[in-house]
Amino acid sequence: MMVHGEAWTLKEFFTYPNEYIYWTIQIVMYPFMTGLVAGAFVLSSLYHVFGVKQLKGIARFSLVFSFALLPVAMLPLMLHLQQPLRGIEVMLTPHFTSAIAAFGIVFTTYGMIVASELWFVYRKHFVETALALKAKERRGPGEQFACLLFSALTMGAYDVSHEALEADERAVKKLAAAGIPVACFLHGYAGFIFGSVKANALWMTPLMPVIFICSAVVSGIALCILTYIVTMEIRKALAARRPELPSKEELKSAESQVVVMTSRYLLMFMVAAITLELLDLVFRGYTAVKSWDILRSVIYERDFVNIFVVQYGLGNLVPLVLFLVPGLTIRRAILGTALVLLGVFMMRWNVVIGGQAFSSSFSGFMHYTLPIWPDSLETFKEGLGGALLVAVIPFCLFWILNKVMPVFKETH
Amino acid sequence: MIDRRTFCKNTLLIAGGLALPLSALELFDPKRLLAEKDQKGARWVFLVDTRKCVGCGFCVKGCKVENEVPYDANVTRTWVERYLVTSDGKTHIDSPKGARDGFPRKEIEIGHGKLEEIRDEDIEKAFFVPKLCNQCDNPPCVQVCPVGATYQTEDGVVLVDRSWCIGCGYCIMGCPYGVRFFHPVHHVADKCNFCYHRISKGMQTACVDSCAFGARRIGNLRDPEDPVTKVIMTERVNVLKEEYGTKPQVFYLGLSKEVK
Amino acid sequence: MKNHVWRPLYVVLAVVALVLLARKVLVPADFGVGPRGYMYGWHRPSNEQQWKEVKVKYRTASFCMECHRDKYDEMKESPHRNINCENCHGAALNHPDDPRYLTIDRSRELCARCHTRLPYPTSSRGVMKGVDPKTHHVGLDCVTCHWPHDPRKEGHQR
């Protein structure tokens, strides 16, 4: 009879009989996805709260994208739970001494803040669309549905006078401000989930939440830049065919300006993240407590390629150079942001999987073999298939959300 | 543009407003707490004498049958470890199938199905160490359960509510002793509970009953006349991984520094 | 329409109300803080009773003694006196009603648990009477020559 975890765990030397890699790829995806959510939101808030005008072009985009990522931050957890139907209990009988218990409340709070902010940003659009659809004499079934949807989305508030819209903008500013600490909390406590496990020598460090927040912002900004570039390229292609859209040249200059500005913020947060991670590593080596022997053999031998080549080398150093060399081109930005995303993903991987690469007896090792071809529901959920599912869904959601809340249409 | 003052005020207001639903959660019932504090029952503890253990593994077999942990599944609520210290100073540890079948081979299992042969004359010392849940006074596994599905009873035993566990695995990660696992049938966290159904009937645990060598004993620390309590109070006992601050309640006689 | 800014808040309040309602309906009535406080005692107390009601499988030698007094007495006089009947005979459960017969484990592997010779100088295993099962009368059950209830006696008389 197969035990949960046995299918993908290889044990070496002495490990306790019950030890397996219980937290797998989905627990790597979970902080990665929440990181993207938090990062995207912080990026949009830079414009809404701190008035960084240069980010106007990407602010609305990243807000909608953050909303599209939101449900997907929960999906890895559902795929990971042995009893997914009982997940709601986190809201019913929360045990707040557990770092996970706050998840339900923080997550919904954050979701409601983003939803409200979106409502204020798009209210004018909702009202106009609803009124336009209502004015139509004959509506097809699609239009009928759209009419109902947009009418519901207005929540009965059809006032789009100048004063009302100004009130909207004030509300957006307040919500964005409230959202920053909540977004940071949402992700910082994902770091706390790991950092507070005293039984795990690799995880236990008070730096973990801060490291997680910094790398979250890095990954969120990187994904926003990347997706932004891709959507702009699509729009450019469309612009060639449809004259009513902004011309190709207009788009191009707007695009590179946004990318250059945003990548500066990316660099700032990346330097902070790398500094903290290296500080953690240096400190562990210098203090060399009981667990260091086994940690050293994991960090410098078993996971050397994952940590130093892929994460620090490809994921941090190369993009740092790419962004720092003057005259940033779009192509270089694409490569840089893609590598940054890889680096942050590998950081999550090296924390989650690396933390389970050694036995808590400090006398043995465990190796995680990612299930590629699923031969059961379990190996699908906690294998490549499940991870890809989680990675693809936000883009599908973004595509749908964009139909309701067009990110590039001028509203206010 | 809002000034800093209004910004701070509004932030606090919003944060306070967000915190409000929390007050609607009823967490403490002082009356119930008071009522239950009066009665003083047992505090179950365990005593393992590593000098007596011969590694037969009858305890593991008995536990698996008694507690319905599938016999062929590679998880177990209790297990026995073998330690061989050789003259080169190395420590060799294994626990094949948790010692469900004892230690049928002289060779040490080193994973990947490989065995390491140790020459008899190289063995400086060798001993067996039975392991089980420590029913800690500060159980980290309970602290980290997000839904209250695992908890400590008044007599000190940590139990898992099988109908409430969501199977997140946080408790498994939180235990420094590796005693927890996912039950292959119920798909919830599972662990040794000192055979709660037996000790609450005045019986002993299945592992204690199946041990022919007296290496395992269970006792009540709140009873000063209990022989186990007397040993713990008067002899030089040790516990595992004290540095984690878990206050484990499984006491060991003859523990060696090699024990992990 | 002055107050349209508060509309999202109404939705939020509705969601909160829904969660609180769900709590009322879905949370077991007795769920609460136990004697170990909120950190270690946040649970459903009726679960303690459920664990207490788990069926006892190993009934111990004193249960076997009630009917098999002769075997019990023989065992108590032998070097095997501390071995529980059920270690070899299997869990008694509701014997003799269910199961009617117990399946006795007479395998070599069972005896080998203790009597495989392991040369461990500082362990009591080192002084156990032991053989190398790979060379010691391979193919024969131990009980052919050794009477398990009292290993000082010879052979298996059934």
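A few points about this structure:
Note that the chains are named A, B and C in the order they appear, and that numbering of residues resets to 1 at the start of each chain.
Simple rule for what comes next: contacts are C-beta pairs under 8 Å (C-beta built on N, C-alpha and C of every residue); 3 or more make two chains touch, one makes a residue touch a chain.
The model shown is predicted, which means the values in this text are computed figures rather than measured ones.
Chain contact topology: the protein chains form a complete graph, every chain touching every other one. With centres defined by CA atoms alone, the chain at the far end from chain C is A. For the interfaces A-B and A-C, the C-beta contact count is higher for A-B. Chain B and chain C have centres, each the mean of its CA atoms, that are 15 Å apart.
With centres taken as mean Cα positions, chain B sits 36 Å from chain A.
Averaging C-alpha coordinates per chain places the centre of chain A 46 Å away from that of chain C. Annotation for chain C: residues 19, 23, 31, 38-39, 42 touch two or more other chains. Shown for chain B are the residues in touch with two or more other chains, namely 21, 25, 143, 148-149, 164.
Under the contact definition stated at the top, the residues of chain A that touch 2 or more other chains are 92-93, 95, 97.
Residues 16, 19-20, 23, 31-44, 47-48, 51-58, 60, 80, 82-84, 86-87, 91, 109, 112-114, 116, 118-126, 128, 133 of chain C are the ones touching chain B in the complex.
Chain C contributes residues 1, 4-5, 7-9, 11-12, 15, 19, 22-23, 26-27, 31, 38-39, 42 to its touches with chain A in the complex. Remark: chain B residues 21, 24-29, 32-33, 36-37, 51-58, 61-62, 65-67, 84, 101-104, 106, 120, 123-128, 138-139, 142-143, 148-154, 159, 161-164, 193, 196-198, 200-201, 203-204, 206, 209-210, 212-214 touch chain C in the complex.
Taken together, the chain A residues at the contact with chain C in this complex read 88, 91-93, 95, 97, 108, 112, 115-116, 119-120, 123, 155-159, 164, 167-168, 171.
Taken in their complex, chain A has these residues touching chain B: 1-6, 10-20, 22-23, 51, 77, 80-84, 86-87, 89-90, 92-95, 97-101, 103, 105, 109, 170, 173-174, 177-178, 181-182, 193, 196-200, 290, 359-365.
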